[in-house]
Amino acid sequence: MRIGILSAGGDCPGINAAIRGVGKTAIIEYGMEVVGIANGFSGLINLETIPLQEHLLSGILTLGGTILGTSRMKPFRKQEGDPVENKPEAIKMNYEKLGLDALVCIGGNGTQKTAHLLSLEGLNVIGIPKTIDNDVWGTDTTFGFDSAVNIATDAIDRLHSTANSHKRVMVIEVMGHTAGWIALYAGMASGGDIILIPEIEYDMDRVAEVLLERSHKGKAYSIVVVAEGIENPKKKSAGSHIAKQITKMTNLEVRETILGYTQRGGSPSPHDRILATQYGAHAAELIYNRKFGNMVSLQGNDITHIPLSEVGGKVKLVPSNHELIQRGRYMGVSFGEKR
Amino acid sequence: MRIGILSAGGDCPGINAAIRGVGKTAIIEYGMEVVGIANGFSGLINLETIPLQEHLLSGILTLGGTILGTSRMKPFRKQEGDPVENKPEAIKMNYEKLGLDALVCIGGNGTQKTAHLLSLEGLNVIGIPKTIDNDVWGTDTTFGFDSAVNIATDAIDRLHSTANSHKRVMVIEVMGHTAGWIALYAGMASGGDIILIPEIEYDMDRVAEVLLERSHKGKAYSIVVVAEGIENPKKKSAGSHIAKQITKMTNLEVRETILGYTQRGGSPSPHDRILATQYGAHAAELIYNRKFGNMVSLQGNDITHIPLSEVGGKVKLVPSNHELIQRGRYMGVSFGEKR
Amino acid sequence: MRIGILSAGGDCPGINAAIRGVGKTAIIEYGMEVVGIANGFSGLINLETIPLQEHLLSGILTLGGTILGTSRMKPFRKQEGDPVENKPEAIKMNYEKLGLDALVCIGGNGTQKTAHLLSLEGLNVIGIPKTIDNDVWGTDTTFGFDSAVNIATDAIDRLHSTANSHKRVMVIEVMGHTAGWIALYAGMASGGDIILIPEIEYDMDRVAEVLLERSHKGKAYSIVVVAEGIENPKKKSAGSHIAKQITKMTNLEVRETILGYTQRGGSPSPHDRILATQYGAHAAELIYNRKFGNMVSLQGNDITHIPLSEVGGKVKLVPSNHELIQRGRYMGVSFGEKR
Amino acid sequence: MRIGILSAGGDCPGINAAIRGVGKTAIIEYGMEVVGIANGFSGLINLETIPLQEHLLSGILTLGGTILGTSRMKPFRKQEGDPVENKPEAIKMNYEKLGLDALVCIGGNGTQKTAHLLSLEGLNVIGIPKTIDNDVWGTDTTFGFDSAVNIATDAIDRLHSTANSHKRVMVIEVMGHTAGWIALYAGMASGGDIILIPEIEYDMDRVAEVLLERSHKGKAYSIVVVAEGIENPKKKSAGSHIAKQITKMTNLEVRETILGYTQRGGSPSPHDRILATQYGAHAAELIYNRKFGNMVSLQGNDITHIPLSEVGGKVKLVPSNHELIQRGRYMGVSFGEKR
């Protein structure tokens, strides 16, 4: 058998570990051939490949980013400047031309949706979920998330000391367009005082009130962790918006930090390396057993899989009754809700 | 209600987060009083207490070690130099004297066993599992484990570059007296080539053979990760023993590293801070609901609990058919088994 | 003798190490008494003190921020809302009231200027230079700088992998209002391709040209490190300005990151802990020898001192012929100068 | 001109940065050709080369170890199994055969001695000092040292929390066979209580006495930092020896940690990357100006050079009146000297 691997969408720590997981299992355990597709689906349209023999998979476990490159090209959406008229048709042709028996698509929600559509077109497809945002539907966790939480927590840890020295409110914006997983976990791990996530409607008056109460109680400073995707009328930076509002509504000294792209770079955490390795290995197992049309998935402690047809087009949000939110309240954390 | 908290056995990252989790929930959510017991069970015998009001719980989330101190004193084992004749009796008396309605015992297998025995003596006890070794029976994970794996992985990552420069075999011994969890996870996360754990009998001839095969294939170096508890006739350091055997049986240049106590020190990882916080919060919930005689526990994604009577005296070993072992083989890892 | 210590201006890693350095030397070596002044010069005006006995100095070596707090209050500048009419007079009175024989002022350029003016008023003053920006005149290095460079370099290291995956230009703005030391050092340490600092006039056409040349040569991505204080007509964020210009002038995909306050938080680097310790110890030596009116200073390998009269009101910029700039050019780095 | 580069002796963080520094300057600034010699001097004898064009120098700045490999082969010492009868003669022949105009030798004291002898044989040699031990004579600092101090300090930081939890004496052995630089700097940076270095004779009775005094004063724990090269009658591990003696002479609970090879692995610190880059660039400058027979050197703030004839066979020890030792005493640190 001959399998292709590609990574699509935003990059994140652990993609290379997943590529190695698929590749080594396929080659060492099953004697398959493996070929890398460059730059996501656009590489499949333009026939850009990257060799992936066994020795080329050594040493990439710990590397950030993706050795295959990635792109945000969407095969099922017509876009100006498309290299070919009918992109899905081009993909099917090149899948044949490359002699592929299966295609592994590493990516987020968008990529899994495309993977499903390609599956419907008759390709043998396996999806591997990846994103720092942890919002892929159908799996408990994606690799990249633990690494991003580590980076964000480390940054917020640093802000504590400078916030304390200057008696300031520090507002820190972390990634999360649709889902607040990073803000929730990094906020809870770093002792944030207020955590604002897209899934919980916040009340700016309440935010100001909590900060003033803390100040009156003699707390020297406060940490406000904000997901970039919260309601924000200015449509610019959510962190800046919140910081400005606090400044306007209180007499407290406020500073903002936008964490940005550092959250998706660098070497994956050990947890993510292992999760990505297992996802990759299970993807190769699925191919060997010809269980196509599935996305690998973590459910509880089990690495398993779920039909791509169930995944496509959904997003895994933070449930508003998530235990960590309840327990955050026990710790005195406010999620900004109106009382 | 008035509750006591103690930490016993070897320390590990996250104990303070658990103390804060219990304490804040008890105080903020349930209006309880909380008192710290110093130095494990010996503090309960000697009536050494540490105040734990709410403001004293602020800022300890990220601290390594335990603000309560710890000891390895076993109340149900007679030892020379015991401060009192009948230690369990002394504990019961002081539990009364302190006016406690419940006692939270943070510790490993030994501590949970003691907690169970105190429960049988009529005390209202809740156990919280902690250990870097991850070998507490009845829970999927203990806090401290993720932190230890991070530290060990970081160290092995470093060894790769120096191993490669000098074309050496690097043997690294990590913690794990009875169970090989740290060796398995850190070994897999860092791309170890051979991983030796107590649960899998290793064959020294096979270890040497794997290393020579790698060398003949042109691999410049090899990484051997060893749990301290593997079979070791010399009864000194397992890492030294393996390094010496490899030197004797091959012509390869070998160096050893014993990671030691750095694995249990320092600030907990974000994952462990959150797990410990949730364990602590759930312990307070159990007390509020008077569900005594239980140990809090992670099962799949759920923070739940299990009767102490089921936990005591057992150890959670790595199952020899653990998925990560099978997938390690896919990656080309040897576990030293005779072929 | 009885000495006071205060920290003023922006906080930075290492202030606590310096406080410990002064305090332990004064107490252990010279038998002096030491008192902490809270929140910079405003604490001296409001008589807010913090005890600093020997045991309170243990364990602060590694802490970020400042246990004394800090403020930006300027005693010799009239400001609305000033607590007293004549601030310098209030400081002199309280210096007497506290029974001080000397005052140690830890701070940046502004603080050293104030220290000099207080010295002219007859107070026995010693300055200790601190700032992440490394721009204090009269010393080769300030503590805080090495830590900030480490944090910025670590962040830029991370950006490499994500820049590479997406074939992007990453613009990263680091601190440095007046001087480009952090941008120069972190840029050189992390393999930046273009480094823009306030001391070197940049030509936007040249910046775009360098990036296009790199792209044409097949370089997958580029890293642009920008000091916040560079010429920037929009007067908002220098990093955003440069990112927008590049987007406008090239067809390259560009992303920006503003590092912000994480650069001044967290535990000091070992280098900064040692430098701060030595600065603190030397400050106590100077007091013992009644060499008042000086700022401690690193000159080559020597911890020495320089009259405050020579320091006040000056800023240490990056000389445009600095060896590291020349050697940066050897490495292929562009500083954006017109050709 | 055509130049060769080799790295010899123990590896350390920053060698790749130095190789890049030499190579880019030589290629970009001076239009020279550059060739890598594999595995130190043995590669020069066996004619093993590694290409070093400009694009191969990209991306190695941050890599630990050495892409050229290294060996401890000493050309001027007869050894069994030597590949050729007359090694210096073979080196001269291959230097001609490779068409070299100059040879850059990156290494420690032994390598610089060899470099000097090759210089006397008529080769155009430039030395670049490297070692984590910081003991190369003729330069203020070597790259690798700052990185090693960072790693050791980070490890000792971790030990504080576990030492405190268990009220233990922690003995930590760091590298330094002949010189105590790492122990002195990491010990001072991490708040060590006793620091033992080869340059200062220690008295075991005094060590025990200091620890007991600390215990009697109520200090919960103590940290003892030991250089591996201190006087040690058992000739095994210095750290184990000291730990055993303390156990024998006091009733304190003692644990030992031997840091080992993790100190020389991993990515170089920003400081070391910059120092190595500058050393490399200056080496290329010296070649261009035909100033052969020199070792590059840091003196105060200047990157300069010193004749190899002055360097060979000497070691830079910690002077017993080093300012940091005196200031360590101010901080309450004992160096174990008899009183």
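Just a few scattered comments:
For reference, chains read A, B, C and D in written order, and residue numbers begin at 1 within each chain.
Here is the rule we go by: a residue touches a chain if its C-beta (ideal position, glycine included) is under 8 Å from a C-beta of that chain, and two chains touch if they have at least 3 such contacts.
Each chain and its UniProt protein: A, B, C, D = ATP-dependent 6-phosphofructokinase.
Only a predicted model underlies this, so the values are computations on that prediction, with no experimental measurement involved.
Common neighbours of chain A and chain C under the contact rule above are absent. Here chain B and chain D face each other with the same set of residues for the most part; over half of the interface numbers are shared between them.
The geometric centre of chain C is 30 Å away from that of chain D, both derived from CA atoms. Chain D has its Cα centroid 41 Å from the Cα centroid of chain A.
Distance between chain centres (mean CA atoms), chain B to chain D: 35 Å. Within chain D, the positions touching two or more other chains are listed as 157.
All chain pairs that touch, listed by label, are A-B, A-C, B-D, C-D. Contact residues of chain D toward chain B in the complex are 7, 10-11, 13, 15, 63-66, 69-71, 151, 155, 157-167, 170, 220, 255-262, 264-266. Contacts from chain B toward chain A in the complex involve residues 20-21, 24-25, 28-29, 58-59, 61-62, 140, 146, 149-150, 153, 157, 185-186, 188-191, 219, 267, 269-271, 273-274, 277-278, 281-282, 284, 300-301, 303, 323-324, 327, 329-332.
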